[in-house]
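Quick one: structure below, then a few questions.
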Amino acid sequence: MKKLKLGVIGTGRIGKVHIATLVQSVPQAEVVAIADINPDAANEVAKAFGISNVFDNYSEVINHPEVDAVVICSPTDTHAQYIVAAAKAGKHIFCEKPVDLSLEVIQDALDAVAKAGVKLMVGFNRRFDPNFSKLKQLVGDDKIGNPHILKITSRDPAPPPAEYSAVSGGMFMDMTIHDFDMARYIVGSEVTEVYTNATVLVDPEIGKAGDVDTAIITLTFANGAIGVIDNSRKAVYGYDQRVEIFGSKGMACADNNYPENHRYYAADGVHSSLPLNFFMDRYLEAYANEMKIFCDSVVNDLPLPVSGIDGLKSVAIALAAKKSYLENRKVLISEILKPVQE
Amino acid sequence: MKKLKLGVIGTGRIGKVHIATLVQSVPQAEVVAIADINPDAANEVAKAFGISNVFDNYSEVINHPEVDAVVICSPTDTHAQYIVAAAKAGKHIFCEKPVDLSLEVIQDALDAVAKAGVKLMVGFNRRFDPNFSKLKQLVGDDKIGNPHILKITSRDPAPPPAEYSAVSGGMFMDMTIHDFDMARYIVGSEVTEVYTNATVLVDPEIGKAGDVDTAIITLTFANGAIGVIDNSRKAVYGYDQRVEIFGSKGMACADNNYPENHRYYAADGVHSSLPLNFFMDRYLEAYANEMKIFCDSVVNDLPLPVSGIDGLKSVAIALAAKKSYLENRKVLISEILKPVQE
Amino acid sequence: MKKLKLGVIGTGRIGKVHIATLVQSVPQAEVVAIADINPDAANEVAKAFGISNVFDNYSEVINHPEVDAVVICSPTDTHAQYIVAAAKAGKHIFCEKPVDLSLEVIQDALDAVAKAGVKLMVGFNRRFDPNFSKLKQLVGDDKIGNPHILKITSRDPAPPPAEYSAVSGGMFMDMTIHDFDMARYIVGSEVTEVYTNATVLVDPEIGKAGDVDTAIITLTFANGAIGVIDNSRKAVYGYDQRVEIFGSKGMACADNNYPENHRYYAADGVHSSLPLNFFMDRYLEAYANEMKIFCDSVVNDLPLPVSGIDGLKSVAIALAAKKSYLENRKVLISEILKPVQE
Amino acid sequence: MKKLKLGVIGTGRIGKVHIATLVQSVPQAEVVAIADINPDAANEVAKAFGISNVFDNYSEVINHPEVDAVVICSPTDTHAQYIVAAAKAGKHIFCEKPVDLSLEVIQDALDAVAKAGVKLMVGFNRRFDPNFSKLKQLVGDDKIGNPHILKITSRDPAPPPAEYSAVSGGMFMDMTIHDFDMARYIVGSEVTEVYTNATVLVDPEIGKAGDVDTAIITLTFANGAIGVIDNSRKAVYGYDQRVEIFGSKGMACADNNYPENHRYYAADGVHSSLPLNFFMDRYLEAYANEMKIFCDSVVNDLPLPVSGIDGLKSVAIALAAKKSYLENRKVLISEILKPVQE
């Protein structure tokens, strides 16, 4: 079996998830080098998974002679820099989302990737969730007909620390960005207009930090469909991730996943368990699927299922959503992203 | 038992439903007179339900000495006139929605009702659906906490005839108006802002007639909550009526009702029945509940659960939704409805 | 429209349900006479439903010249006598189940019916429940293939008064008898063998009265299928009525019905409402359907969907179940019911 | 971390599942040796999982000086022999079910284990399925109250090859044995009586081989509860694994697991996916949980959750079920298993 030798940059939470998948579940993958600015973290991971080459500097992974492809799991503000460096080194790239908060920076990174002729996949893991994949398949099989209405409910169990918003770019950029990608993926058409109705209902501190915690975002698609995303930073009953697509031939919806499916009938009602609590539980299978398909696509020179352009587009929609909120009006994506870039 | 003697104006589809409920299921009601401009229709109903006094003119019902209360089931453009006449005759009034398409006309009718000191209830039957009543109860019992996000999905199985839109005032006025009332009812707060994203995806003829058939409408409420309604004139799988309310303490949702609850497991998947097909099936219990509570409230001099102001407000929101669609911008309810009227 | 003029004997709980259906929902029915040994009860019902002829003696209903058909809702020990009397008077008959506790008495009644050439339908209302009708339809449409396994769960919310068992014939005769009929109806084949595993777990007083309150009853059918019924006199969560049929081509199951279908997601789990509490709620539609089809079949001279033989067979199975319990062994129906009777 | 060094005997389907879990998901486990009578199979597994010591003979694994515990995944007729050998070698033991088809052979193996003072766990993996674990927890937390009725539905997607029955001991011994263990586990009491209603409806060849393919088995428990298991060798819609426990305080049921949870609403009905197809999919998590708890219990000297006695009891119930079928009568477990052995 032809093997893909990978280097992983960043061994925090998501880095460890990807390493575990690559080591345990992807026979054609071999993790040959990892790096983290925290050497202790990197060494611990290296030991647990039997990885030989451990560094505290990203460039040693990228430039390691054995490394065919790099998996970038470092903070967002380093993504573009590492993509460019990896492209220049002729390495294929998997990068966590978002690529960057700036469209210009992303465009420069994509240009470097194009120039180098390497492959780049952006980590929109939810596309590989079996529920949403099934919806996409029904759309692809024309079971829905022409899409008319898309509905995404996406609510987190608890808000991130207040200081996170400043770094992350805010709720639209760190949380809704997944929903913007999902919207494009399911409908199969580009978003052209965005209207945001957002507010602070969960925690006033979030508002003081300049962010919102509750939002309803209306979308218009190039194919005529319309859509809506509703977000909350705090659902007391856990992680709420549902998608519904309605069209001329039918409707398909995907519910949450649950740790088990018991029902308990007592004198005071029927009771069952809450949904899986957060993304590490809900999307574990999606993360594994995503890494498998990345390795398989690179090894067999197949098109990657999520491109750099997908990474760019979702950031553009997030910027439009923010602008709509700030200016209290509908915003066209063409105000944000010049057509020439597409 | 103290009885309420009623006269019913209009013996079409909804008129017959109300008469059947009053005759068969409301012991304290007695239908003493009915009228329809079509005498054959009225006579047939009178015979089926054993009603003695049949007229082809509304005023004979309103002015019939035995009649304590009138139930107005005639076309929308006659509602206000009949309300005023009934009020002047000192009769209590149940009127189908919408009261009228014009806020001024409605206001005049409400003034006449107030001056006469009679009771007026508007027929927002969905408030009496057991599913939505349960959601309202959970909100009232503080099980939801502060409401944050309201979601209403409301889709019809098939569009009305093209010519209907002209008479009805269009989709926002004949269909979404129920959802606007439901929004105010469930959230327990007034709508202050409306943004409409609407389009024609079902049938171009609807567009030619100046109406829309698919819409996502975003709402802002006075208490800070936000909401979204999605509408389609054509769901091939039938009548789709769902509501979800999300707040600081939890979330409650109400699904569709089904004719029966079997599931069939075959080699090609699991199959079950479609939802109840249209409002006469889905809301049969709601119609009956509404008529019972109207009679009970009048007989026992209790406050009516849906007021004339409720009728006015839902029309104002519908007008704002239409204006938002036409002007492609967010519209404030205060642009439509002057605060003094509240 | 050709009308069926009915007389109802017994105006207790089930009698009132049938009268209400006949008066309010069966246009081709007219209740012309009723009787109850308690004249006050009969008079109250007569007044509520506008029935002219009220008696305290069954024979006056049966022999009333206007009466075409009688509906027997009196206690079980009077059924056979009234059937015979009605048959002799040439009246069609609807009789509540069970026809009697003695096979000989039933057989004599059926003989009288046959001799008189009148129609007789036994009140196995559950056959007309939309859930179970749908299962029957799937079997009839060969969606299940050859039936292999039938499962019926049938549990009451609370046991009847201790003294009721003596009169009723015990749990197998007053409760499971419905399930025996359902088993024959769904599988479409006769029961040939019964094995009962029964016990007293709910209330020792029931055991002292010689009855059981918890049972698992295994059935064998003539077509080779096997089946199981589980019963309890006390489900604290309410009335539990489910059926499942499994065969060579698939499986279909029918769940309980619920008063509404909300789900409430709170921090401690997901909660929903209990099933409809007891037979008057759960089977209201079934009772109405049964009465409509009885009237329709008599008026239009169609075969009745539940025959006197059906009434006989279910009693035979109940007797076999009891014998199996008492003798702690499998019992053949042929030990109870001589083949010649079929 | 203290590590448990394991040797695995048998590298067929289930052996590979256990090895993958041990290598990938149990940090405290190390697989140091494996054996299979087919050396190619063993070598392939060794290579895939980086295992150094590969043998074609079980005794080399058992007697390997590094091996602390053996995992026996070889054919049933070798289990007892390997248990005895491992016990004599002082190694802890995990053995797939059933231990053996003969109670005497099992008893001898258990005696050897007891004499050697080693730990033995039998592989009833379903106890570690999250759905059934949740039911057990509800029973343990007294949410069910006194158990009254247990229901287990257990149906396979397709029958095993005809020749398998001879080796396996037949359906009760190779399939229902899991349900017998589940019954004891959920109810928390011993089975005392068995009545079997079994037949051949799936494939006449199975009957010719002396086995059955469809069965309903009624159980009585020492604590007074009663129960029923229904089995089929062929459910065309896939693997059907459900459990329900009903008691004085409530009822809990566990449904099947599904690959994803979409629902598709089309004009012809609502459709969803079939359950996970067979045990390797449905019980993957259960297999992993079982192996983790075995390692953890041995390393930390904790009691094992499934004992050798559990292995013995389930075989005894299977023998009683077969005897009941053959003799067409209820069989007491005390006829099969002398009380002294407990």
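Each chain gets a letter, A, B, C and D, in the order it is written, and its residues are counted from 1.
Going forward, a contact is a pair of C-beta atoms (placed from the backbone, for glycine too) under 8 Å apart; a residue touches a chain by one contact, two chains touch by 3 or more.
This structure is a prediction, so every number in the text was calculated from the model and none was measured.
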{"item": "Furthest chain, CA centroid comparison against chain B", "value": "D"}
{"item": "More contacts between chains, A-C or C-D", "value": "C-D"}
{"item": "Centroid spacing, where centroids are CA-atom means, of chain A and chain D in whole angstrom", "value": "40"}
{"item": "Intercentroid distance (Cα basis), chain D paired with chain C, Å", "value": "42"}
{"item": "Chain centre separation in whole Å, for chain C relative to chain A (CA means)", "value": "58"}
{"item": "Set of chain C residues in contact with two or more other chains", "value": "235-237, 240, 249-251, 265-267, 273"}
{"item": "Complex contact set, residues of chain A against chain B", "value": "146, 148-149, 151, 153, 155, 193, 195, 197-199, 201-202, 214-216, 218, 220, 224-228, 230, 232, 234-237, 240, 246, 248-251, 328-330"}
{"item": "Residue ranges of chain D touching chain A (in the complex, touch as defined)", "value": "23-25, 27, 48, 130-131, 133-135, 138, 143, 249-257, 259-267, 273"}
{"item": "Interfacial residue positions of chain B with respect to chain D in the complex", "value": "235-237, 240, 265-267, 269-274"}
